[in-house]
Amino acid sequence: MNGLTLRNIFFDEKIRSILIQAFVVGLIGVGIYSLIQTTSYNLDKRGIDTGFEFLKNPAGYDISLTLIPYTNTDTHLQAYFVGLINTLLIAVTGCFVATIIGFTIGIIRLSTNWLFRNFAYAYVEATRNVPILLHIIFWYTVLLELPKIKEAANFLKFFFLSNRGVYSPALILQDGMGIVFIFIIFSIVFAIIFNIWAKKKQESTGVQLPVFLINSGVIIFLPIIVFIALGMPLLWDHPVLKGFNFKGGMVIRPEFVAMLLGLGIYTGSYIAEIVRSGIISVSKGQREAASALGLKKNIVMKLVIIPQALRVIIPPLTNQYLNLTKNSSLGIAIGYADLVHGFGGISLNITGQAIEIMAMVMATYLTISLTISLFMNLYNKSVQFKGNT
Amino acid sequence: MKYIKSLMVALTVVLFTSASFADTLNDVKARGMLKCGSNTGLVGFAAPDDAGVWKGVDVDVCRAVAAAVFGDANAMEVVPTTSKARFTVLQSGEIDMLARNTTWTFSRDVDLGLEFVGVNYYDGQGFLVPASLGVSSALDLDGASVCIQVGTTTELNLADFFRMHKMEYESIPVETNDEADAAFLAGRCDVYTTDQSGLYAQRSTYPNPDDWVVLPEIISKEPLGPSVRHGDSKWADVVRWSLNTMIIAEEMGITSANVDSHLSSDNPSILRLLGKEGAYGAMLGVNNDFGYQIIKQVGNYGESFERNIGLSTPMAIARGVNSMWTKGGLIYAPPFR
Amino acid sequence: MLMRLLNVSNFSVAKKWVHKNLFSSWASALITIFCFYIILKIIPAGLDWLLFSADFVYNFRGEQIIDRTFCSKVIEPGQHGACWAIIIVRWNQFMYGFYPVEEIWRVNIVFALTPFALLPLFFDKVIFKKQLIYFTFIFPFIAYYLLYGGPGLTEISTSKWGGLLVTLFLGVTGIIIAFPFSILLALGRRSKMPVIKSVSVIFIECIRGVPLITILFFGNIMLPLFLPDGVNVDNLLRGLVAMTFFAAAYMAEAIRGGLQAIPNGQLEAARALGLSYWQSTIQIVLPQALRISIPAIVNSAIGVLKDTSLVLIVGLFDLLGIGRAALADMNWMKLSHEVYAFVAIIFFILCFSMSRYSLYLEKKLKTDNSI
């Protein structure tokens, strides 16, 4: 009898589900417990301290690409932020480049010209079937073959191209530039409000205003007028070859450019395929119906095809942006000072705090990934068919 | 489900090949093979040749230990390690010893659970520049772009040096020699800095080594030596005395070529070293003729030096501070008795 | 055939095709001319570099090339063909790493067996499918025995493995080992049990949310800290563990897509017939779901294979790593274009054929329309 009841209990759906879950929880609990035990024993035996105290110690090494103030006397925490910002910098610019390449190639893939279309196809296949790391290393090798610093090629008079990067004049802001910036912001705000108002007017009266023309005029000319009126409060700082390097001006380093090209081209071909299939997914009938209504070709593209294609494009596009952000960690192969290379590499070497540093680096990427997918999900919901659950 | 379960079990068995390292010497003997951690490729110290055979002064230390334990210098294998992972793999027992141009420092010896058993190369961080740059001192490097091979002390020493002399620089950190090489040769940076031995190694691989100059300044002291895990002094002794044997052999003028003729020497200390007198091998836990085997198969310290990095090699490093103490250098071993 | 092509009616068809596809408008015609120009510029120059002016075993003087100083382009500034000798001389290293020459036959057997192990994962209708699937799951162990050695075979430590061997070992073994885990994860993610579901979701999202390189560092530097005394896993296997985690998470998402396409009614009907969860899942849901998700699985497999190149950062000599090691050799340095081109071509062949195959499957699935 006893066996029978046990049998019954075991085969009861609910009880079994609870048992299995309890078992899994137990298993994970034991796993984590023993993991912590062994790890702390190992750390103890090897004399490795745990904790995040090391973040307050001076890092002691230099990073050449810094967007926030940093010297070698700053702390490891500051080095972390420098790395994080460099990662974000390459991720954002990389996504930008990849999107431009992707949309261009994706549209060419749909060209009516057979040769052009297949040209794009060959390009896509050739780039995306080669590992991203190879792309990055290859571009770096190519950039290193540019003229050496002493033979830097001068173009457009103020720009210098060498294998240490592109040197360009830098802007030095003078008093009064703040007012110009205020006007730039003001004109953008105006443009947005005007856009909304014009749309409302179009909806109520049907009159279409040349919104684009007016807005671009305001955004471009208003700040320029103010800028000239204030007596052009700007100075150019030109790069000059002095000693070993150019002094002054701005420099875009080859490590950054190689990352940009590698990430942009590799991810761009994935985006191209996404764009292509997104546009194809908008059925031919839609296009024809819109044309039959007498809408112009570019209006059809803008109002009928793109909004629908975007619905299909955005989820996989987000994925590509995430992949690009993660792949930006390959900067370590060519010395781009991102989060993994600087903080996750040099700081780790110096302090020996492998667990803490890797945990911080991984948590950072995880946060970036989850944040981007969260925002994209929200956006995605907003562009989905209303009323289509 | 069944397959999955059995797969998991089998996987665990395959993945976790067990080894305990309370007594490394016994483990090594049981395995019949020495696992020696070294570089991923640094010419002259540890690098594979076209046939894939590892060569270099660090590799010779490994070979000497293998000769001592097994009487066969080839009974060892080189495990390439990155600078990041080298200590972890030693501590975890994946390798038996580490001979990978590693600097002996206080914190590594005391805090990291390593035990350094000696020094096989006295080094210091230096600078390599193209001769065409016309620089003769590191103090002229204000504003230069510097390629740094990421180690643990290199970038710190560099930062200190430039800060101390109030100079500016652009740092280009790279992970491996190959990258540093590519960047430096292409002119991405003016200066390449790492341990001087590394600079010589690097320079030797260049098409015209004479077009490159190693600057005289040494901005740190870097005694490089083999290390083992803390807490196994028996094994540490084996490695220590394998290295010492090579040094003593040079001091006594015993080479791989003439070692056989010394077997009938009148000098008792030579006979002790070659295992003809006393039971020194037994005390160490290896064969009594371990000294003979090391010298016969690997050679003495000087031979190893000349063969791998000496003046006749492309590396062309002069003995300098790495000369015998009898010749004004720092290479010295305690007496064998 | 030629006669038919020259046939007048076909000629007019061709003319129509050309007109429609290449010269339909002024813009199109301009683009066509531009494309022709580029093709005429690139292809002859590319072929010239790759093949016609390139050195293989002998240089243009007829001497055998033994290091870079014998390359035609090094001797004569006028010569600019590739110098493939670096690949040919180091061919064994590119294929097998530092594997002992007399034991290379073992690697070759494994290379030859690999396609059979992959067949059941990639094809849905294969003869002897049942038998092959057993083979697939024991293949990692056969491969490991042959490559690493054991009773009857000399032991070849993994630090001697390299080149294509390591690339394929990490890619193929990683994918095969990850496959069952990914099925469990995908099922877990769709499970009604909150604990199972959240564990699967957390695992999948954590792996997919971080770069592979950090997982590799995790395996390389941190794994030894997590293991008890006396247990140790060598560098290649640590890389394999990382690749397996990575592949499992990505393939789980591919399989989840397939599972979602199976109407819930099927499972409910099967349960109503008295089949248990596992019975209905294994016999009814999974076969259909896997069939649908094969293209997506192949795509993630391509991703995993390409990403194996990252292991060079943790000191393993994969195909790209061996290439970089060759470039570090004083005898061969500065031939980076040849090495990178060679590595790119190998990866291209592997990945392109796989992606064509997944495309073909997708088309076939659409026309089959069985679901």
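Per-chain residue numbering starts at 1, and chain names A, B and C are given in the order in which the chains are listed.
Please note the rule applied: a residue touches a chain if its C-beta (ideal position, glycine included) is under 8 Å from a C-beta of that chain, and two chains touch if they have at least 3 such contacts.
Treat the numbers as computed from the prediction; the structure is a model and nothing was measured.
Averaging Cα atoms per chain gives one point for each, and the point farthest from that of chain B is the centre of A.
The most central chain, judged by the distance from its Cα centroid to the centroid of all protein Cα atoms shown, is C. A separation of 37 Å divides the Cα centre of chain B from that of chain C.
Chain centres here are Cα averages; for chain A and chain B they lie 42 Å apart.
Averaging Cα coordinates per chain places chain A and chain C 26 Å apart.
Of all residues in chain A, those touching 2 or more other chains are 42, 141, 332-333, 348, 354, listed in ascending order. The set of chain B residues that touch two or more partner chains comprises 84, 88, 91, 175, 182. For chain C, residues that reach two or more other chains under the stated contact definition are 217, 221, 224-225, 227, 229, 313, 336. Remark: chain B residues 83-84, 87-88, 91, 110-113, 133, 141-145, 150-152, 155-156, 158-160, 162-163, 169-175, 179, 182-183, 186-188, 190 touch chain A in the complex.
The part of chain A that touches chain B in the complex is made up of residues 42, 45-48, 60-64, 72, 141, 144-145, 148-149, 163-164, 242-245, 247, 254-255, 332-335, 337, 341-342, 345-346, 348-350, 352, 354. Every residue of chain C that touches chain B in the complex is listed here, in rising order: 89-90, 92-93, 97-98, 134, 137, 141, 144, 157, 159-160, 177, 180, 184, 217, 220-221, 224-225, 227, 229-235, 237, 241, 278, 282, 313-315, 317, 324-325, 327-331, 333-334, 336. Across the complex, chain A meets chain C through its residues 17, 20-21, 24-25, 28, 35, 38-39, 41-43, 111-116, 119, 125-126, 129-134, 137-138, 141, 326-330, 332-333, 340, 344, 348, 354-355, 358, 361-362, 365-366, 369-370. Residue ranges of chain B in contact with chain C, taken from their complex: 1, 3-4, 7, 10-11, 14-21, 33, 35, 40-41, 43, 47-48, 50, 52, 77-82, 84-85, 88-89, 91-94, 175-178, 181-182, 185, 204-206, 314.
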